[in-house]
Amino acid sequence: MSDAAGDGEGGFVERYSTRALFAGTTVAAVVALLVAGLLFPDSLAGTLAAVLTSENTLAAALRLSVPIAFAALGGIFAEKSGVINIGLEGLLIISAFGAVYVTEVTGGVWVGFVAGVVASTLLAALFAVVTIKFRADQIIAGLAVWLIALGLAPFASQVIYNSPNTPTVQTMGSIAVPVLEDLPFFGALFSASPTVYLLFLAVFCSWYVFERTAFGRWIRASGENPKALDTAGVSVTHVRYAAVIISGVLAGMGGAALSLDLGQFTGNGPTMVNGKGFIAIVAYLFGNYNPVGAFLSTMLFAGLDAVQTVLQLQGIGVPRQLIRITPFVVVIIVLALVGRTQLPEAAGDHYETEE
Amino acid sequence: MASAVHLDGITKRFPGVVANDDVDLEVERGTVHALLGENGAGKTTLMNVLYGLYEPTSGEVRLDGEPQAFRSPRDAIDAGIGMIHQHFMLVDPMTVTENITLGNEPRKWGGLAVDRAGAREAVVELADRYGFDVDPDARIEDVSVGEQQRVEILKALYRGADVLILDEPTAVLTPQEVDELFDVLDELTAQGKTIIFITHKLGEAMRAADDITVLRDGEKVGAVDANATSQEELAELMVGREVLLDVDHGAADAGDVVAAVSDVVVEDDRDVRAVDGVSFEVRAGEVFGIAGVDGNGQSELVEAVTGLQEVDAGEIRFRGEDVTSTSRRERIDSGMAYIPEDRQERGLVMEFDLVENGLLGSQHGREFAPNGRIDWGDTRAHADAIIDEYDVRPPNADAEAHSLSGGNQQKFIVGREFERDPELVVASHPTRGVDVGSIEFIHERLLELRQQGVAILLVSSKLEEVQGLSDRLAVVYEGEFIDVVDPDETTEEELGLLMAGERPGDGDGGGGGFETASEAEPAPSTNADAADGEEA
Amino acid sequence: MSPADRARKALSRLVEASATERILISSAALVLSVLIGAVLVLVAGRMTSCTAGEAVYYFGTGFCYDPVVVFDRLFLGALGDPLSGGWSPNGQFAITLRETTLLLFTGLSVALAFRAGIFNIGTQGQMVVGALATALGVLWASAFVSGLVGTVVLIPFGLLVGSVFGGLYGAIPGVLKAYADANEVITTIMLNFVATGVALYLVSGVFKDPNSAANQTVPLPEFAQFPSLFFGARQDFSIVALGFGLVAIAALYYVLEHTAFGYDVRTSGVQPEAAEYGGVDSKRTIVASLALSGALAGIAGAMYVMMILGTFQTGIPDYGFDGITVSILAGNNPLGVGVAALLFGVLKSGTTVVQFATDVPPQLVGVLRGLIILFVAMPEFFRLLAKGLPGQWSESEAVATDGGVAVDQGGETDE
Amino acid sequence: SGGPSDGENSSDGSDGSDGSDGSDGSDGSDGESGPAANIGMVYATGGLGDGSFNDQAQQGALQAEEELGISFRESQPDEVSQFSTFQQQFAESSDPNYDLVCCIGFLQADSLTDTASSYPDQDFMIVDSAVDADNVASYVFQEHEGSYLAGLMASLLTTRSFSVGAGSTTGDSTNVGFVGGVESDLIQKFQAGFESGVSAGSDDIDVSVNYTGSFNDPAAGREAANAMYNSGADIVYHAAGNTGTGVFQAAQEQGRFAIGVDRDQSVTRPDYADVILASMVKRVDTAVYNAIDATVDDEFPGGSNVALGLDSDGVELVFGDQLGSEIPQEILDEVATAREDIIAGDTDVPSEP
């Protein structure tokens, strides 16, 4: 049977080879670009290299990442447990509004932050009941969560403030770690909004839960083979409720971070969340359900966004409207090259113990 | 002394079905008890009641004389019951250790982390105690079916099971692995465990069990001593009438070559060679059988022939033409019928009714869809004809496929494929999970077609089936044909050895599997003669 | 089979428990949503301030907003106040039908893809591409014809251009899914952004109307737009377009239920492995369905240009996303799409009436829309509800999405 | 006068008949006599709460409500196809009968052209675009003129070291920034004027330009402004609606300056008053108020096309409430001179970049 182990490793390598190959190619390409930029600082490569290695780009990417990455972590919890939560966008919206509203009323940013998380968690709990207890189609219920939040937050804002946009409130500010903040490039990691540190913590905790705790295993089993978990004597229903609620908490942190970082909720059109919840789904699919992978893919996307903002300033000859869509185009191209995203086996399915 | 397990008057009703009707079952400690019955007799349901998955409508479960009220498997597990389901309850991407300890993970740091080293150690220790050969770090999706089964048993033992329920444990094993399993069962009973295993194979029940309980249509129809019964008696109890245990297929009258496969190589999703250079021919009017343990490339070979999987090297000819890279649709149109091994995934669209399912594969044909427009009238008539001819029950073309029992689903597929007027029938496990009566029927039909000059390619992991029906029989192992034999001239033991990868003339024993068995010689079958009809 | 037989079968399908139940559930969902919406209006009415004279009184409490007025305006207003006697084909009802027409096409677009097991979130982008292509194509062609002939030629031409380009744009995620295994949910979301960005680039640059401050193309000549017969000249509604929509419903229904291609699509939607077994080329079917879905979206875009705006302008409304909700409410059934599109047409058009007639924030209608979808998603809830009531409903299961993402009804697969 | 006025409560309503029946007092009073006029407001998509354009228009209506005793009803379309719906609803209404319908934003021009001809007896006014009809009064603004002054001020300040409030400039910077919302002719007028003013102040200063693609994405505004400040810009001017909130925030975080738009944002966004040097105020409120006022007086200027520039105080550079007084006098003087030159026609400000 020892060859089974060999198979196992072989399988592992096989499974990840496309991604590994891709990651390798990317790293090689970036290195090549940096070298070219160093040699010809005035060329396009030089500009790009300068932008990429700039501490400011990293800082911007981090800021843009926060809401997306939080939501992506939440999405991982739900989907790994077998509940596809396409309503992340709605959770972000409701928490973004809730956080600002409560901050405005109480004057406490952190009170507002918690309130945003609570709002999102309540909505996620509703989603959980609807999908788990009432066996609603997860996709439809997720869309409903999005639509409800998309209507409710601006509605409330309109009722309370007579405008879909709230007034400005206090913001989170930023925390700098002495000495470390002066590091070249990586200094950006140590002079950032408290929500950035929270995000690092959340990424680590999520990773820890999945890799090291029994609960993490139950979530995985609940999404891959709920019956195996059930017959092992663990309630699939409880695990799924817990996972969806955690997804509400995490997405809530993302939404609250988004609005409190700017000190305002804006509710016109798609609201200030503006598709970040859907990008989060992209991020975790892309990161193959791994918290760290999801974080890195968010950073890739946010990094591209940050880079396009800077590139617009450089006047490199490409029309702005087109520079702006580069992040989306890159995601499509990368996806076409990397290909398959593997959903958990039982994701989307209802599970009942009897009949 | 009270029996270890006592089920008293268990009745379990589902909407419209009485799965168990006042069933009694008594199992002595330290014995092996076989639960025998046709498909749908209620065996699994009864065991699910014992395991706490279902609450009985009425009746009582007693362990060592103590009445139990299981509300969930957790209660049953706590009471020392372990169950190995027909479909393994394993999480594919997780490791052997993770699966065994699932739900009962040893913890450290005040429960904040799984004690992974401890878990692994516990698994290794347990495997050693019972002499199981498993790799604690392998992922389930990467190990053999036999090993998965051992993992399932270990899982139950890990949770302290005293009573082990095995649902059709032998369906997926080679004869050698079956022998090894039975040795393990002996070892377990010797250590005081109690075993209940479900089967519909008479020979197995007699060989491995101490006592046998027979169910029919949800009712208990008999409890017999395994040493004091005969296959005929059991068969009659099971089916309720006398059963012909032997198929006589007469001499082959082979004609022209219909299908020719040469040096075909097929790689699976992970670029591993699943079929590794196989060649053979199937002639009109003959059954060419392929025997082998599941997972040795049969599925890939069959799907390559039928056009569902790409061929990476080699050539497939059908009616003299090279069809290696033609589409599935073209192969259907040119007269290739295919009974797939997985009827619920491939063979039927479960949400469609039988009218729509009768059209599957012919939706572009002249007959039912001239000019691309489906003639639902003709299609319905076609479905009705199949239902009638092949005795599909209930005889209602508007029934959705998922509402049919497995046997009836299979009969419908067989009917649909046979009615295509095929020149070649590729039949993959055509009777898997089908009850005795239907098996008889399907076998008869296959032989009828053969008589009419149709070429038949038959794949089955049931030895008695391929052996009984085939005119020529190839044994496949790890993607290669190990030998092609005359099935009438070959014993079951010889076939079993071939299936385990022993090339003819190769003396070395041990094809992997249970350690306890590695030095044991192939267990002598008690009744080699009856082996042919074991299934029937 | 005799025509009588066929009729009987059709009838039996119609009264099939699941269909009846579906309609019941949809209606119940609507009622429940309205009730919750009413509560919301009352709560909001407590949170704002108004003079005592403006308030309404329920349960002895004063509220600033009156839910009865709100829903009266939302529904009756959208229908053009048929009860008040002042109904005119030029009134609000024409707007409702106009919205319905567009929702019908985007709804069909999403439904078709769903039936093939594909979740096309890209209808919006495909519509944008179709709209832009139509505007440019018709502008070019309008140089060659004019007058009535122009109308007769250019409208079909515009629809064709819209469907071809929408279809091509829809084929992109199709090809990516079929040949590169790229998840269509991701690619279609991304392609929406790309379509909007590229359209903005083109329309603020090369194709910009020099005489307008807006990012738009030169307006189409009058004869290149849908004629308004009988209905809604002012409301930019043409009964001809709605007629096309009804034909599209019938055609899609026919294709899905009565053709080999439709059978292929449905089979690969519910069970791709079985479809492959049945000789369906899954890759081609994926590409074909998404292309067709995109073509329907493209037609929606063409109608937006040729019926409503008379030009392509950036900022096309979210008809594509609304199409998702329409399709879901309809259970992805083309016939149901007609009804669902009308309901959402009423909601969209009623929003403006509510806003005009009351002080209630119009986002309320957005909440209602979400609630309706939520309730429609949980038939189980209504079954439980019905069990508590005398005279139970049927026990049979209701249909949810027919594919897209795995929607197996049970975790158990028993053999 | 001369030079930009200095704050929010500049003397509006000074033109026309002041307080015709000012006795009416507070709003909402349901007096027995009806309002002086019924006004319909159709805002631009994006709606109220944008902190700039629509809010400014509402300001004009509120002022008219207070001073002239009119009553007005608002509608906030969220897509282009709703413009004609609301315009017609107002035109068709008989209870009350609307005396004037104010259409805010250039996107309404096309539908107003149709609506106006369908309802020849209804008076309309439109802001930011010209509609040629007897029953429409059009008001357009010379945004580039005001933006020129903003650019001039920015380039003069950025070339010296200057520190006030929460921001500062360093003398060695070589660029200033412009953040736009969605690319369009209108926003490009702001950009063109700003660029032209910047180069008038100094040849060495470039303008970094970024369009976020949205008028309602503060996060994108912040990143754009951040990128500009990081590249050495001290001052960023925005014409991006609510996206500009992000610009102000970036300015605060980085200790730099911003220039507001449409309204005196140092007053309407007091949280950011310590970084807002000035705002390029566009008196949409004046246009709305004047049109209403004329309607009340039965002097509706139908068919007219009023271009509001620096000369008529239609656009102006209003220095920050908090920082304005700290700006060096020579710069104020130079800006004032430039203003005179433009009004006199001596300086020609381009309206396209």
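Each chain gets a letter, A, B, C and D, in the order it is written, and its residues are counted from 1.
In this text, contacts are C-beta pairs under 8 Å (C-beta built on N, C-alpha and C of every residue); 3 or more make two chains touch, one makes a residue touch a chain.
Since the model is a prediction, treat every value here as computed from it, not as a measurement.
The most distant chain from chain A, with centres taken as the mean of CA atoms, is B.
A straight line joining the Cα centres of chain C and chain D is 38 Å long. Centroids built from CA atoms put chain C at 29 Å from chain A. In this assembly, the C-alpha centroid of chain B lies 77 Å from the C-alpha centroid of chain D. Multi-chain contact residues, meaning those touching two or more other chains, occur in chain C at positions 197, 200, 204.
Annotation for chain A: residues touching 2 or more other chains are 164, 227, 267, 321, 324. If you check each pair of chains against the touch rule, the ones that pass are A-B, A-C, A-D, B-C, C-D.
Those residues of chain A that touch chain C in the shared complex are 84, 130, 133-141, 143-152, 154-156, 158-160, 164, 226-227, 236, 267, 275, 278-279, 281-282, 285-286, 319, 321-322, 324-325, 328-329, 331-332, 335-337, 339-341, 343, 346-352.
Within the complex, the chain B residues that touch chain A are 14-15, 51, 53-55, 72-74, 77, 83, 85, 89-94, 98-99, 102-105, 107, 111-114, 116, 133-135, 137-139, 141-144, 147, 155, 159, 270-271, 512. Chain contact summary for the complex, chain C toward chain A: residues 40, 44, 47-48, 119, 121, 176, 180-183, 185-187, 189-191, 193-194, 197-198, 200-201, 204-205, 324-325, 328, 361, 363-371, 373-374, 376-378, 380-381, 384, 400-401, 404-412. Contact residues of chain C toward chain D in the complex are 51, 53, 95, 197, 200, 204, 212-215, 219, 234-236, 308-311, 313-315, 317, 352-353, 355-356, 362.
Those residues of chain D whose C-beta lies close enough to touch chain A in the complex are 46-51, 78, 177, 183, 208-211, 213-214, 216-220, 222-224, 226-228, 230-231, 242, 245-246, 249, 253, 269, 271-272.
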